[in-house]
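Single-structure report; data block below.
Chain naming follows the written order as A, B, C and D, and within any one chain the residues start at number 1.
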Amino acid sequence: MRERNIAVKFLRVPSVEEQEIEIVERKGLGHPDSLCDGIAEAVSRALCEEYKKKCGAILHHNTDKVQIVAGRSNPEFGGGEILSPIYVLLGGRATREFNGNEIAVDKIAIRAAREYLKNVRNLDVNNDVVVESRLGKGSSDLIEVFKRKKEVPMANDTSFGVAHAPLSETERTVLEVENRTMQYFRFREKAVGEDMKVMALRVKDKITLTVGDAFVSRHLASREEYEEVKRRLSEFLSEVAAENTSRNVEVLVNRADTEESAYITVTGTSAEMGDDGAAGRGNRCNGLITPNRPMSMEGASGKNPVNHTGKLYNLVAMKIAEEIAEKLSVKEVYVKILSEIGRRIDDPKIAIIEMLPESEASPNMESEARRIASEWLENIQEISEMVISGKLRTF
Amino acid sequence: MRERNIAVKFLRVPSVEEQEIEIVERKGLGHPDSLCDGIAEAVSRALCEEYKKKCGAILHHNTDKVQIVAGRSNPEFGGGEILSPIYVLLGGRATREFNGNEIAVDKIAIRAAREYLKNVRNLDVNNDVVVESRLGKGSSDLIEVFKRKKEVPMANDTSFGVAHAPLSETERTVLEVENRTMQYFRFREKAVGEDMKVMALRVKDKITLTVGDAFVSRHLASREEYEEVKRRLSEFLSEVAAENTSRNVEVLVNRADTEESAYITVTGTSAEMGDDGAAGRGNRCNGLITPNRPMSMEGASGKNPVNHTGKLYNLVAMKIAEEIAEKLSVKEVYVKILSEIGRRIDDPKIAIIEMLPESEASPNMESEARRIASEWLENIQEISEMVISGKLRTF
Amino acid sequence: MRERNIAVKFLRVPSVEEQEIEIVERKGLGHPDSLCDGIAEAVSRALCEEYKKKCGAILHHNTDKVQIVAGRSNPEFGGGEILSPIYVLLGGRATREFNGNEIAVDKIAIRAAREYLKNVRNLDVNNDVVVESRLGKGSSDLIEVFKRKKEVPMANDTSFGVAHAPLSETERTVLEVENRTMQYFRFREKAVGEDMKVMALRVKDKITLTVGDAFVSRHLASREEYEEVKRRLSEFLSEVAAENTSRNVEVLVNRADTEESAYITVTGTSAEMGDDGAAGRGNRCNGLITPNRPMSMEGASGKNPVNHTGKLYNLVAMKIAEEIAEKLSVKEVYVKILSEIGRRIDDPKIAIIEMLPESEASPNMESEARRIASEWLENIQEISEMVISGKLRTF
Amino acid sequence: MRERNIAVKFLRVPSVEEQEIEIVERKGLGHPDSLCDGIAEAVSRALCEEYKKKCGAILHHNTDKVQIVAGRSNPEFGGGEILSPIYVLLGGRATREFNGNEIAVDKIAIRAAREYLKNVRNLDVNNDVVVESRLGKGSSDLIEVFKRKKEVPMANDTSFGVAHAPLSETERTVLEVENRTMQYFRFREKAVGEDMKVMALRVKDKITLTVGDAFVSRHLASREEYEEVKRRLSEFLSEVAAENTSRNVEVLVNRADTEESAYITVTGTSAEMGDDGAAGRGNRCNGLITPNRPMSMEGASGKNPVNHTGKLYNLVAMKIAEEIAEKLSVKEVYVKILSEIGRRIDDPKIAIIEMLPESEASPNMESEARRIASEWLENIQEISEMVISGKLRTF
């Protein structure tokens, strides 16, 4: 195995669980920013497939710039309608030609975006959304790089990835309440919309979960029914929370409601009216926003999974951190990896591993951590494969 | 003074200066993401002025969704030309009517964006850029909120702000090399473009500054001249670095250059070809991306400065941190503030102050920190004023 | 019945049938210009319905500015695909508010446009077309005018309409070959596309029909099959022509074909690649372009059917001409009607009737013609109704 | 000289001057449709220049699809402002590559459009207009055709051109009143806007000129001043009319004015608010819309001047008609020319010349007319040159 520049450190600081205050946020499936992330990633994956099919290799692309311009709507209990469609701009770039053949880049991108938006169940994608592709051409140099496909690709930029493991109780709770609502609860309660935002504040052992969810107006006959569903959602969230933490959890749903106004929408996402979205501004690769933790500003979703280290290093750092947390006796581990433009992606400029040992630090832990990191880097192209096949979340 | 929920903690951890490894990044003035941030903020400020003039108060708006779709260009030593214009999409929303009078929202937004883009000296804003406004209407409820203008506004959302002080040597260095290049050096060397990206890696006492700058092709007769300017820029950056740190600094400029290719552009920004940009994805309010520090994901630029706590709390946290770092005997201070939707903005749900004392923690330090925080919160509307008048950086 | 300014003239000129040379053209159902006309009219009709349902009256609108920007495609025998979608811009204006309620103008317009495009059978409207609405607001004055709904509306502009009857043999032939192909033949021969352009040149008694039709590539296994279908189409067109004229007719289909290239498309319309379209540039209200006849330049399709005299006067002139041609002993009749802005639409500034009598002109013919014209003008609001219910062709 | 298929006929019909009723219209310089025509033609000419400079020949393009989407404005006496910018969509197609070099098609097109719009003196082209280019690629076959540059090009389509000469008194009057207002009067009276529409109705010897002009609000202190300028404009138009006809002329300016409303604008064109425009829907190549005359529906403006017979044949027909009217003893002459796709443009399928002799028809007139037509066709590439150098009006 190749020699790699891997630094291993032991930290002597309070773990996040030991800190008195913790803030965690998640923008759920149908949040305008998450929709943009999801579209960006769906477009990249669709292009990867097409490139592999038509060209035998993934060609250069980065489809990470997606913007949603909100539409206009008129929700009301028992009904409502979309007045002006949601507009989605697909930015970024993608290779449009290969050996003289044109790739249907715009077509594939638009189709993938529209397909992805079907995640918002009550959104009529054909009539209520306009998707426009302004994907630029990839520059020719980069196409060159990609052609040497058998070899390990070179880093496209100087960027870094960071990750930590394991998730704290609060983090896990935030992640789970949204995931479970989308996986199960919204099918039981049709009025629950996909646009859910969860904000957790933990002060010592008290967690407050502030949850906003864009309810779907036509599945709610009245304000009374709205309040009932809100109550049932609140109970469900409390149950999920209880499975993830023994701490005291208070759940607050749609706190901004007043006597006159409730948070209802026609489609279940605030993108229908007033709330624009942009890719790369929401959750990090672990699905969370965690100001108590080191974070990367990289918008991983939509970046090409072949040589974009801003994407790959965030994902591989997460894998490394997770394996270390699982196998070694640590309370917490942080992994940071820095790329250098033009350098092989499996050989970063530096990889830093910071561990809070459960008890004692040991030379064995150090060498084990180094080995785990080095193996993941050795096989970084597997990360690419997992991204392409949709096995890795990026937001 | 109002009672506020302010928690003060003393940390016992190594300061960033004491940590062995540190990564810091800055996307400079002409980076596509920074251009979007700058446009977002310029549009908001222009609207604030218009609203004050026409309506006597700032009306609801958030113009924080800006996307740049790269153009196409053909740079070559001694010349080159733009082939396809840069496209700028202005998203977000703004109130369009007041007392039956229409506000020229699109017009003002486009003008402000175009004016801002003049920061890129070699960009012909009239011919090489297409700016489109798709700003939506503000919702009427929110207009209501804003009308009660004498009172302290209510928080528009549940969000948080974070900040730290003082900057580490590495952070200061990164900030300064870019600032000084833009303030002075680019006027001395016309070939230096506004799109500069600085990435610093500190390992113990060795700092590596990796700098990319989009040189301007028509001010460079040949590759030789390019190399000379690169060398002079490198020297200048080393000098600036030396003023900010006594650590050993290595400066690397345009590392991706090969024998065949150099980093030249027609305009001085990579937005002319291939590099899209988006607001809120680059620097945080202190001008930096600092994965070693707590960060907020909030895109502050373009948010309304009246009641958007995602913007205000990042800025007020910075002010509090700076004053504490200046007046109290701390190595580092972190400030985190959490809002609650519908609550007065001067009364956050919680404000957390974490200090690394120089030597001993003292009850006096705690009460002083609390007083400083409370005073800044009491006068948070001054932050709004400073934003409107352009006295506070947001990226 | 109201006194109207109607001038009746008898012409002493050779009829078109007697002239030696005649040129007639028709842009068929799927021609990009006709698609734009069809969309413009479909949008207007959809808005009329919505206005009637929501407001009890048709509100001001003119949706006559539609532009198609061609996509990109890759047709090949047995298959082919769309590479970039067709872009459709909906221009014009429409009233967006009524009694404080917002009308879903953009939504309705986009839906109507998409629905109309389904006329192109092989076009995947959901994936291969992007429709954007940039319909402006109607100006408030005009809204005022429309509110006085029981009364006869006032003309919105100074414009005119012209028509003639009966159609010449050549005109009828051109109209019929396209109509019949779309009504019957294309269902028998799947490879026949909707984009058919017919150009007829008659020199004395010899008619040459030059026909271009965008064949559908995936319904054609090979160039041989293409040639066979072309031959069968040619035969069909000859048969239809023979039903409409006893003159000698030569039919030429897809004359621009060369050995290397044939006129095939993925969808059956040239709008998929290269051919943009615009409303108002194709057929006049009788479905034809007839340089031997007086024509109006007015783009009738998409104009509001309530008070837009540019639309109504072309249609009512056609009705008048047809009735005169049917009931009176004339070889040809031409009707021209001029409006004056602000004047009741049932009382034009002048209506001119020019007749070529079969044999003798008579005072009785004159008074009958005047009566027919006056009655149609008296009941001009019926024309509006017929337009709204789709009973009158506008292109 | 090549044998050409030229048919010459003598007509025995009343000339237009002898007819009792005549309708003529002109959409002036700043009318939204005319602006689109002007932009379309300006873009084509700019591309011709670039192609010649960069490629040594004019490459394939047709830039005849231009649409203006109106802005929003707020005119008031003494001031007013633009609220939302005018949006201009440039459609059509143009060759983007030549010998591996990219042509700056979008850039050149946008610049030409913006430059042209400066004809509207009070329009701030930089701030009040958004111009977007969606010009498609030219198809490769056609590029092939154009490369054989020394030879006479082949017709790109089956289309026709028509023209007549001389202009009738009414036609000349309509043309002149607008031309002279733009050439002289608007510089004397700053409040006169470029958007002037002239509609003439002649009944026997009485001509009514209905003129609409978009006055410029900031050059008018009050309604009184507006009325004064209107009166002076009316006098000026009457004088110009008197120079062109001895018939009785009544001039009506801005007839739609009411006590409450006057026709004022911020910029001098109705495109600023409410009135969209499209290329090819306004004046024919002689600058007029003349329902009493044969007309072509071809939108000549923006078509390529090399082989687009829809453009060239309208222009060459006009030249032929003018020369015949000048040299031969005819009251009127009509010229119609029909192309055949793939046939040399100097050899149309048929050219038809119809003359109303002043007195007697003669074989000499016939041969002279044929000679004149044949010579113009022989030298049809001169027409191309004149178009490129801007010497021929197309609208």
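What we mean here is this: a contact is a pair of C-beta atoms (placed from the backbone, for glycine too) under 8 Å apart; a residue touches a chain by one contact, two chains touch by 3 or more.
As the structure is a prediction and not an experimental result, all values here were calculated from the model.
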item: Smallest number of contact steps required from chain A to reach chain C; value: 1
item: Chain separated most widely from chain B, comparing mean CA positions; value: C
item: Centroid distance [mean C-alpha coordinates] between chain C and chain B, Å; value: 55
item: Computed distance of Cα centres, chain D from chain C, in Å; value: 23
item: Cα-centroid distance, chain B relative to chain D, in whole angstrom; value: 51
item: Interface hub residues of chain D, defined as touching at least two other chains; value: 72, 87
item: Chains grouped in pairs wherever the two touch, ordered by label; value: A-B, A-C, B-D, C-D
item: Chain C to chain A touching residues, read off their complex; value: 72, 74, 81-85, 87, 102-107, 110-111, 114, 125-128, 130-133
item: Contacting residues of chain D [partner chain C, same complex]; value: 7, 9, 11-14, 20-21, 23, 25, 65, 67-70, 72, 87, 89, 91-93, 134, 136-139, 141, 158-160, 162, 197, 199, 201, 203, 210, 212, 255-256, 261, 273-274, 276-282, 284, 289, 291-297, 299, 336, 338, 340-342, 349-350, 352
